[in-house]
Amino acid sequence: MTRNALDTPAPDQLYAQIQQFYALHMGLLDDGAVDAWASFFTPDAVFEDNTTPEPLRGREAIRATVRTRVEHLRAERRQFRHWFGMVDVAVQPDGELHTRMYALAMSTVVDGPLRIHGHVVCRDRLIPRGGSWTVHNRRVEVDGV
Amino acid sequence: MTRNALDTPAPDQLYAQIQQFYALHMGLLDDGAVDAWASFFTPDAVFEDNTTPEPLRGREAIRATVRTRVEHLRAERRQFRHWFGMVDVAVQPDGELHTRMYALAMSTVVDGPLRIHGHVVCRDRLIPRGGSWTVHNRRVEVDGV
Amino acid sequence: MTRNALDTPAPDQLYAQIQQFYALHMGLLDDGAVDAWASFFTPDAVFEDNTTPEPLRGREAIRATVRTRVEHLRAERRQFRHWFGMVDVAVQPDGELHTRMYALAMSTVVDGPLRIHGHVVCRDRLIPRGGSWTVHNRRVEVDGV
């Protein structure tokens, strides 16, 4: 959460825009459209994950790593879903957005039951780009790690 | 997802309205108010489901089929919940909305544990009616089927 | 649900504001910031729960009870998450808001799997305070109880 006195709560319209942003962004990943998903990151984006010792640095590294994961899921015939919710948006003085969301990671193999892998807190720094937003920094913390 | 060049992202206020629409619509179903739930469909609505060979055609067929399911749940004393999230809304040139949502189907019997049945992708075509919306077409795809 | 003729659906901007309100409010609780979480209740707030015979009366009672629970979770090294969704907001003639949400209660111990405890329907009466809202009454109904 770590709000501070400089944070401004998101204006209401912006809040809805950010929800739609994540529905589109993560829906692309779940559909296997890795290039489209990766295009939401800045070229110098950093992706940190508390299950991995080193962050991914740069959109190309993010794309390559995630493409490998998506190909593995496809080989398993596993439909993965990233479900974001409880979005909190704080506008920064420089126009950046700091967001915090809850996320559930879940998947289903063909003819199999739904498996819920775990709960995650995701924090993004978003930078404006052409009427929408790009992810400059993403920090993912899997609960229990 | 299948956005195309003619799609326009939802204006921000509309997006919030659609979220509220689904909370109300599906809350009515989970409360067992099948008539009120069915009134959100157009008389000629089509309901497609990848677990069923033939779509339901017309509000009356949708209502009758779902009423039977709800009576079955009531006999089991099973509280069913339809949880929609990750809503994506695209405004069409003719004023229709094309929506895509994730949905979790879950239920609890009296004194029993929560059971999460599966994950679903739901796509609606919504038509304006009197300041709100009606479902003209719903396509439900259960993951793993 | 129990809407009546006097209820007015939430204006769209208000709806987004209330979603952000719950993300912030419940995020504080999950972060263990019990005082900050409790500050969202009015001094005379009432908290009803269908798993408990008597409601909690007053912000101090709510805070003390929840602090004990949070300390217990911390001793277990259990990260608890309250996930709200499917928010329905109805503006009352006197300016109060009546909200209804679905909630999933889930938790993860260190190195353990995600456990989803149950599904809840939460109903609040919210009173305006300084550009935001306070909870005057919360009624929590755990499914299956």
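Chains here go by letter, A, B and C, matching the order in which they are written, and residues are numbered from 1 within each.
The criterion applied here is as follows: a residue touches a chain if its C-beta (ideal position, glycine included) is under 8 Å from a C-beta of that chain, and two chains touch if they have at least 3 such contacts.
As the structure is a computational prediction, the values presented were derived from the model and not from experiment.
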Checklist entry - If each chain is a dot and touching chains are joined, what shape do you get: line, ring, star, complete or other? => result complete
Checklist entry - Rotation angle for the CA superposition of chain A on chain C, to the nearest 5°? => result 120
Next on the checklist: Roughly how far is chain A from chain B, centre to centre by C-alpha average, rounded to an integer in Å?
Outcome noted: 25
Checklist outcome for this item: Note: chain B residues in touch with at least two other chains are 12-13, 16, 19, 85, 116
Next on the checklist: So in the complex, the part of chain A that touches chain C is made up of which residues?
Outcome noted: 1, 9-10, 12-13, 15-16, 19, 85-89, 100, 102, 104, 116-119, 143-145
Checklist entry - Can you list the residues on chain A that touch chain B in the complex? => result 12-14, 16-17, 19-20, 22-24, 26-28, 31, 33, 79, 81, 83-85, 106-114, 116
